[in-house]
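Next come two complexes, and both contain chain A; in the first it sits with chain B, in the second with chain C.
Take a look at the complex of A and B:
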């Protein structure tokens, strides 16, 4: 009997033990795939939102916390702290196009909703939004342009009435889905937002596009010379936000890796039990001429088989689970805060292959000690074991 | 040293809160609680009983007022968030006197930096909008409640 047939016979000799041990590593790999899917999805979503922001420079009040920088991408409520004279000074700089944002909030049916005041026509053009229903509200009008997701959530359609800060508004239009956090925001004209929310002309931040991309640093310097503000490039903002998200992603992966490690101890236990139960068999094999190396190899192959089978099953189950579980998790406050509901992204093929190789490596390593124990057994002692 | 530790503690609190939020979706009470920023943005938009979660920024010496801020603002900016962030004062005297909304409370005041859940409703009074507290909880236990 060759080694592989021996391995298969030993694996399926005790089907319940095989199933239970396999379940352990399958669950660990599944958890790893789901956690990596969530982390990768968050990263992809944030990168997309940074791109869709359509700005080369972001102008914020000085002294903002990193938390506020994250909310620039998500459209959530921000302090209104850039006064109108500074906005005007920045707009007067040659070569820059300024889009001011006033991010505030309200509620519909007692559920908080983000509201953003923008120069609607300019923002629609700059961000290449398309209106699925109705039209965009004009400046000075108490009209709302609803994001696709929020319109669906609250069944908003052109002509519907809303009340924001005690002031009646009318839904003028509903945007087509952008796949970003903008889908979950109600957009109103900036001047109306400043009036209703009593911000005295202040805004939360400015998205600035520059005419000459090669001179971004020069424009940033001109902006800080003209106004008492902080300037960050879109790449710097992205890196700052991703540093937070990546740490969360790493934490999730570590948690899942602990599950895999726990499964490894299950394999060690199973293999040690197998060593004990098959002492006579090992003794007979050695008596018939099998070397210590062969016994060692057989046990190592058994351990590796758990990794291969468990890894493959875990990848399949994890892939399916990601499609189901990740969107549910993404409806959570934190993930909605950084990127919205769509944060499911399967790990790339290279990562999936690395997970499988890792599963095999962990399982194989788990079999080292039991295999060594089995190989060391003296034939006479093993045969006489009862 | 204490500033570094406090900053490091807040960074850890943000990461831990994020992980906890992701992993505990739907768990426990307060799943429908809103943040202080959301309430402060448009108080009139909330009707009926509302549950608000926040962090105690201040308790006045006379034991009459509790000021709460948004949990996320606290996690990254500490007790004094950026100008314009939501701050909600709550008139909850536990000394037997009535609040501005005419409510009498029993219980004890929270401590600064306590994470609290406040149940109440927005009322429009002659002096302006107030959040009339029904009860305040800390760690699942009721700290003070209207009599």
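Take a look at the complex of A and C:
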């Protein structure tokens, strides 16, 4: 015999209780991993999207908040807000290249799909997209360039027909995967989009590249002078959107942390019950010569074991679950504003290790009071307890 | 022969929730090494309390308990635990085996607490189980044993660290006459081998086998 075998015997002695307590801490850790990977997934997605914007400045209508800025990065539908004369005024500024976006929506088989009107050829060139199949639809043509992911989910291939807002379109091309939200979007020529969606020449926002990067602020000034719009740099946009995403991530993590805390009370409860139930056993151990310190140690080891086992199982289950669940959660309304967040980013190894250490720390702390209670039981009292 | 156990002016009062209950009220007693002593008396008059004090399982409220030259009343909790592990062995009426452990592990427990190696534990447990006739039950759970078998395991466990004295609290109180005879035969054997035995009992027949009978009544030696 040694202490560790004694601990194992104690743990497995009451199997259902062991299983239930372990489930508590495992669920908590699993939730933590899933939530952290979901938050990380959103962040990674946003960062990819922003670097893929291919612009230095984003021109939006005045008064947009972070929520709408997120949609700029996600390709979700936005109001058509910038009138054609202002687009023209901005385009007239020397040294800027303008890519207008009109983000609208439609449905295929009753499933909503994002549709974006762009100057297809210019956009493909600016964003360095490559076309996997077919070709780029020409301006004025009722043709579609489908993102890789959306083409796959609806089995779209060049030559296929589909109806957007009651108007027949033909798929002209399918893009190679970009790894961004663009994969989930149907692109159509801007002029056609403006006509079909009756926006009177308005667009949702403009992505602007400037000739001289060192003078970005100067260009921003010129744009706001020329038109009644707001200008935000790609970095500001990223920071602004990330602050939203991070607060969502933090909220998710806090929720999961509450789950872990709840599990801690489960451990305290189990261990306290164990000290009551095992009063007699503690008394026997003491009558056989066990010191208080040893009883304390055995109880602490039991509590820590919950953290080690629950932590490891939670990390494994959480990793598996985030692969399975995260895409589902990302499809949920609450988080779906980042259109392409179908991929989770697992917390880095250092975070995993921190979670494990945290689990052991929480469970060990939970064992302190029960172990102290067990250790100070008087042997005679404990033995006469029936 | 020298005195193994010496009790001087011992009082023991249990502090209940409301009223303090005196269990022993000034006991003096010497027990010689190698003797077989029975403590008798009515229930609730302090027999078990006296036994617990002799074996260092409890501390006196006043007075001193010396065992094998050591003053138990002055020992720290940890020293007292070590004393229980190495110098005395307890056997109780309700066996007090650890339910989650098998017979060998139960017998090994005091050796583990005394820091003996797993190999030593295994070998000695096997010898002890053979000496109480339970070799074939080495890996049984306590729940698979009869009362008499459990008590023999408890005796083997009490002997694990080869203690100077055995402290038994009504060891046959829960046994049929056949099992009782088996247990008493083992005790006779241990006594003739020179071990100090102190036993609390209700039974006059058992007390008659002892070299000395001490009667405790109203917390005093009668």
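Methods note: the second predicted complex is superposed on the first by the 349 of 386 C-alpha atoms of A that agree within 3 Å, B and C clash if a C-alpha of one lies under 4 Å from a C-alpha of the other, contacts with A are read in each partner's own complex, and residues count from 1 in each chain.
The rule is simple: a residue touches a chain if its C-beta (ideal position, glycine included) is under 8 Å from a C-beta of that chain, and two chains touch if they have at least 3 such contacts.
Bear in mind that the values here come from a model prediction, so they are computed numbers and not experimental data.
Just to be sure I read the superposition right, which of the two partners does A:112 touch: chain B = first, chain C = second, or both, or neither?
first
Who does A:247 touch here: chain B (first), chain C (second), both, or neither?
After superposition on chain A, A:247 lies in contact with chain B alone.
Per the contact definition in the header, classify A:380: touching chain B only (first), chain C only (second), both, or neither.
So A:380 only meets chain C here.
After lining up the shared chain so the two structures overlap, which partner does A:164 touch, if you call chain B first and chain C second: first, second, both or neither?
first
Touch check for A:151: first (chain B), second (chain C), both, or neither?
After superposing on A, A:151 lies clear of both chain B and chain C.
Decide which partner touches more residues of chain A, taking chain B and chain C as the two options.
Partner with more touched residues of chain A: B.
In the superposed arrangement, does A:61 touch chain B (first), chain C (second), both or neither?
first
A:81 contacts which: chain B (first), chain C (second), both, neither?
Only chain B; A:81 stays clear of chain C.
With the touch criterion stated at the top, can you tell me which chain A residues are shared between the chain B interface and the chain C interface?
Comparing the two interfaces on chain A, one with chain B and one with chain C, no residues are shared.
For chain B, which residues count as touching chain A in their complex?
Residue positions touching the partner: 14-15, 17-19, 21-22, 25, 34-35, 37-38, 41-42, 44-48, 50, 72-73, 75-77, 81-86.
Quick check: in the complex, which residue numbers of chain A touch chain B?
Spelled out, the residues of chain A in touch with chain B are 38, 61, 63-68, 77-81, 104-108, 110, 112, 115, 163-166, 197, 244, 247-248, 251-252, 255, 328-329, 331-335, 337.
Going by the contact rule at the top, pick out the chain C residues touching chain A in the complex.
52, 57-58, 77-78, 81-86, 90, 92, 96-101, 105, 108-114, 118, 121, 157, 161
Which bits of chain A are touching chain C when the two form their complex?
Contact set of chain A toward chain C: 1-3, 5-6, 9-10, 13, 280-281, 283-294, 378-380, 383.
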